[in-house]
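Multiple structures are listed underneath, in structure tokens.
One chain, subunit A, links the two complexes that follow: it is found with subunit B in the first and with subunit C in the second.
Up next is the complex of A and B:
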């Protein structure tokens, strides 16, 4: 932007060297930028296009145009829904439902717990607050899950929670990044707004529900996105905790198919496309919030 | 409201009878803790108890099943560092992984963010597209790239067919290329995240600074070095720390693509830990690896904090 504004003005020849270079530079740089970005986009988009096309192709033709390569590999020229039909006939729909249920529950229950804690950290003064924030939020944010994965598995196992919803759900509820996000947002709300309500005799819970929540739409969207996509994509914990067929989530279903001998590729890719399309559809309209979320959480 | 002249309550009974004190107590102690309680309970259950148990387990020879766990002190750690060659190899791979992720995605992201910040038209579209891989699940990314890197039907095979030989190798199946190929796939998914962070930081730099640099006769490189880079430095350094920590946790991409193979060529600590805990019935030994990873993470955080104290302004 800054560079282009200089380039619109055609300088007369015979000026100093520096001024002469400006128009060329202003033209060449965005052009170079576009070229490199297009190269980047090819590397990102072509694999996805191939996978999407292959998922709509009969299984015996999945690799037909990829080798030798032709443009047909990127478009479903032999269009069929066979892969999707077979996939759902074998119970993939249940995995999708399970994952949705899990992700929505995480957003609602985890969102409430994280928002309450974020509010307390952002707005209350109480003894031990900083220590609590450091240990509960910061340490979990930074310290590896590996340390706790095995003992957590054993703990969940000792409760008899293997292959149960609570075993799947509860360990994913507390989310340091989301607490961070809420804290940051709540801390920036003007005190006057809260004081006014408090003077009118509103309780803290009431302040939270009827004053703060309505103005918190951006932070709620961002936090929900983070939690929903995080849970939708999580695979390791569900694989460990709920391997039973009826409880499998999308990622587990796909990951178990990857390792199988004689993989049906178009079905595997169809499953992957379903797993991919949900976060993509969420991220495109709400990208702004998501970016705010990951950039606004105390990183700067 | 209490009368102004009333003296401060001292004993517990007086305190409980004093309304001002009760209100204060409710407001400064009870309510905050009610707000924190759900999170705290979750945290104790998900992190605190397992962490303490993990540290204890790492000092036993527990198999992961049954009741007999004997306390063995630091034996597991001695074995890890002085006897177990696979652990040394895995640790080395983690360090290679860290070096890769502290350079490649950072350079790509800085570069792309700089380019994107110059573009007026369609910037949002480019940004969205480049960011898409980041929201894809590891399972999805691996499924796609396992095909593309396949020597018989992937990109290499297509190139060979066109006459460009030498790329149709089993990237994931050869010891020399396995780790770097997985790093490439993981990076395909990851770098957009850094790019978005850097771009947001760049856009928050006041344009005045660029104008000033231009008046001083700065070229693009000077601008980048003296305006852009200092402006985004906090984010870059913070991400350096996070990526360094995450490098020791690298798991899902490796587990899904090679499981650490061939022959341990792409083994990292986390995959080794998983195998020990769930396949080899060496839970105590696996837990010791978890503790080691945590110590590394703590060490990285300490370096970061120390540098900050020394006035590095990070």
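Up next is the complex of A and C:
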């Protein structure tokens, strides 16, 4: 019996296609595959194209080609930057800056804190280590973070940290997945590598800078991505802690804007476009590391 | 993530480690304990109090009374059911679509990189932004794309959020999470051993047989991991529900996260909201352990079969 594998075509050497004794099937399967792919792309891309086009359209014309639908709805036929100009005049730029600042701070401060904790779990022996690892990493991982928002809110409130950066930032720094990543990474560095440098008279700082840092690029990129996306996408906590206009992040700004000036469609969509474009530009070049980070946590 | 106890042998004789070990772990570990464990313990404490922020002077310890109160509320079961429906249907749908798309993307064709990038896009868009786009671009009963499609087909224009609120929440979440599943499974497919496939083909296995006996067992660990992580996120989705339906109409799309939010930050009943939080944490752990158990059993059958 001759075999044809649609999804695994790349696994077949090129000549096997020619040897196929069922030409019709060989033609039908890729055709079906392409149809499915195209359907997938349409479902994903159509609403995004519509929204992108509408964000460059004067507000009174936003729905002109959408209902009844015509291809013109997918392209900005009456191009204008009005929505973006108005949006930034309203202070949307501040929300973007706030979100960016928060995400970068989380990556830097949280990265250092999680790396230290991961280092301790990976390289040290101390009393209660396993119990701590079980609670700090495993249990925390199994409890969705939003579900403990109440005690965190009340604690933050009692510190007087509502509408402050530290209130937004500090409770979100610990990331069990990132601690776990760093633990794996540090545990796998061979002791001989460090010992050899120590024998050569390197200080621990030098060991850190010239031995550990250079080989830590994948784990650093992966951890940074996880923390950046996590903070960029956080909504519940900023909504509770920083509702004040000057502190709002993009998601809060957009969700509140629906009620406030919901009929200004092109501005709402322009805001959505800006919010979407940053992580897309940031993540696409690094998607390999992101997948490595996720798959690396559970597959060895 | 199960080998928590499998650590490297202690490096006692290294003075790098020795000089660091005395002070380095302490602040980092203490900080982690503070930010991760204190909220859990405090939730437990609050759940034993009668405490409404609107009547703070009446705050007092009252034991476990909040728990029967939560359990006797008929809405609570709707909320639990909603949470489970959303989680199970999203995970199941993204799994099927994710496998399908990963298999398609594992072929060689022109423009593969562009297509993959496009298909990942929904995962990179903030949840509230996705919800805003779907609510206004697709679901809008007057001008939305779905309304336009229905009009073209001569059907009545549907009011999705009013008539099919749960379906709408699930669809938007599936749209968002399919790329996650797809990415992880694609990584799994790409690590598949080519020789094994060729050997199976020489032995004369059809495509479905190949998929059933070689691809699927190989993907099992990737599937397990992706399901586990996705479940943890979907159990507590908030942004999509907040924007799309605000838990409504009525309580039709209220999940645990949204229910706790309403209890704590709209009714200001901290005691009862904390008790709900404890139930939610228990539910999250049960669901995750069940998933792991089911998947493990499947794995064992695979071996003995």
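We take it that the second predicted complex is superposed on the first by the 247 of 300 C-alpha atoms of A that agree within 3 Å, B and C clash if a C-alpha of one lies under 4 Å from a C-alpha of the other, contacts with A are read in each partner's own complex, and residues count from 1 in each chain.
Convention: contacts are C-beta pairs under 8 Å (C-beta built on N, C-alpha and C of every residue); 3 or more make two chains touch, one makes a residue touch a chain.
Keep in mind it's a predicted model, so treat the numbers as computed, not measured.
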| item | value |
| --- | --- |
| Comparing the two partners subunit B and subunit C, which touches a greater set of residues in subunit A | C |
| First (subunit B), second (subunit C), both or neither touched by A:187 | second |
| Partner chain(s) touched by A:207 [first = subunit B, second = subunit C, both, neither] | second |
| Partner chain in contact with A:246 - subunit B first, subunit C second, else both or neither | neither |
| First (subunit B), second (subunit C), both or neither touched by A:279 | both |
| Which superposed partner A:127 touches (first subunit B, second subunit C, both, neither) | first |
| Touched partner set for A:119, first subunit B, second subunit C, both or neither | both |
| Partner chain in contact with A:85 - subunit B first, subunit C second, else both or neither | neither |
| Touched partner set for A:198, first subunit B, second subunit C, both or neither | second |
| Contact residues of subunit A, present in both the subunit B and the subunit C interface | 1-4, 6, 30, 33-34, 36-37, 40-41, 43-45, 47-48, 50-51, 54, 63, 66-69, 113, 116-117, 119-121, 124-126, 129, 132, 136, 140, 142-155, 170-171, 173-174, 179, 204, 229, 232-233, 235-236, 240, 251, 254-255, 258, 265, 268-269, 272, 275-276, 279-280, 283-284, 287, 291, 294-295, 299 |
| Subunit B-facing residues of subunit A, complex | 1-4, 6, 18, 25, 29-30, 32-34, 36-37, 40-41, 43-45, 47-48, 50-51, 54, 63, 66-69, 112-114, 116-117, 119-121, 124-127, 129, 132, 136, 140, 142-155, 170-171, 173-174, 179, 204, 229, 232-233, 235-236, 240, 251, 254-255, 258, 265, 268-269, 272, 275-276, 279-280, 282-284, 287, 291, 294-295, 299-300 |
| In the complex with subunit A, residue positions of subunit B that touch it | 28-29, 31-33, 35-36, 38-40, 42-43, 45-47, 49-51, 53-55, 57, 64, 111-112, 115-116, 118-120, 124, 126-133, 135-140, 142-148, 152-154, 157-158, 161-162, 188, 192-193, 196-197, 200-201, 204, 207, 210-211, 214, 217, 220, 234-235, 238-239, 242, 245, 248-249, 251-252, 255-256, 269-270, 273, 277-278, 283, 286-287, 289-291, 293-294, 297-298, 301 |
| Complex contact set, residues of subunit C against subunit A | 1, 4-5, 7-8, 10-12, 14-17, 19-21, 24-25, 27-29, 31-33, 35-40, 42-43, 46, 97, 100-101, 103-109, 115, 117-122, 124-129, 132-134, 136-138, 142-145, 147-149, 151-152, 175, 183-184, 186-189, 192, 194, 197-198, 201, 204-207, 210-211, 215, 221-222, 224-226, 228-229, 232-233, 235-236, 238-239, 242-243, 256-257, 260-261, 264-265, 270, 273-274, 277, 280-281, 284-285, 288 |
| Of all residues in subunit A, those that touch subunit C in their complex | 1-12, 30, 33-34, 36-37, 40-41, 43-48, 50-51, 54, 63, 66-69, 113, 116-117, 119-126, 129-130, 132-155, 170-171, 173-174, 176, 179-180, 187, 191, 194-195, 198, 204, 207, 229, 232-233, 235-236, 239-240, 250-251, 254-255, 258, 265, 268-269, 272, 275-276, 279-280, 283-284, 287, 290-292, 294-295, 297-299 |
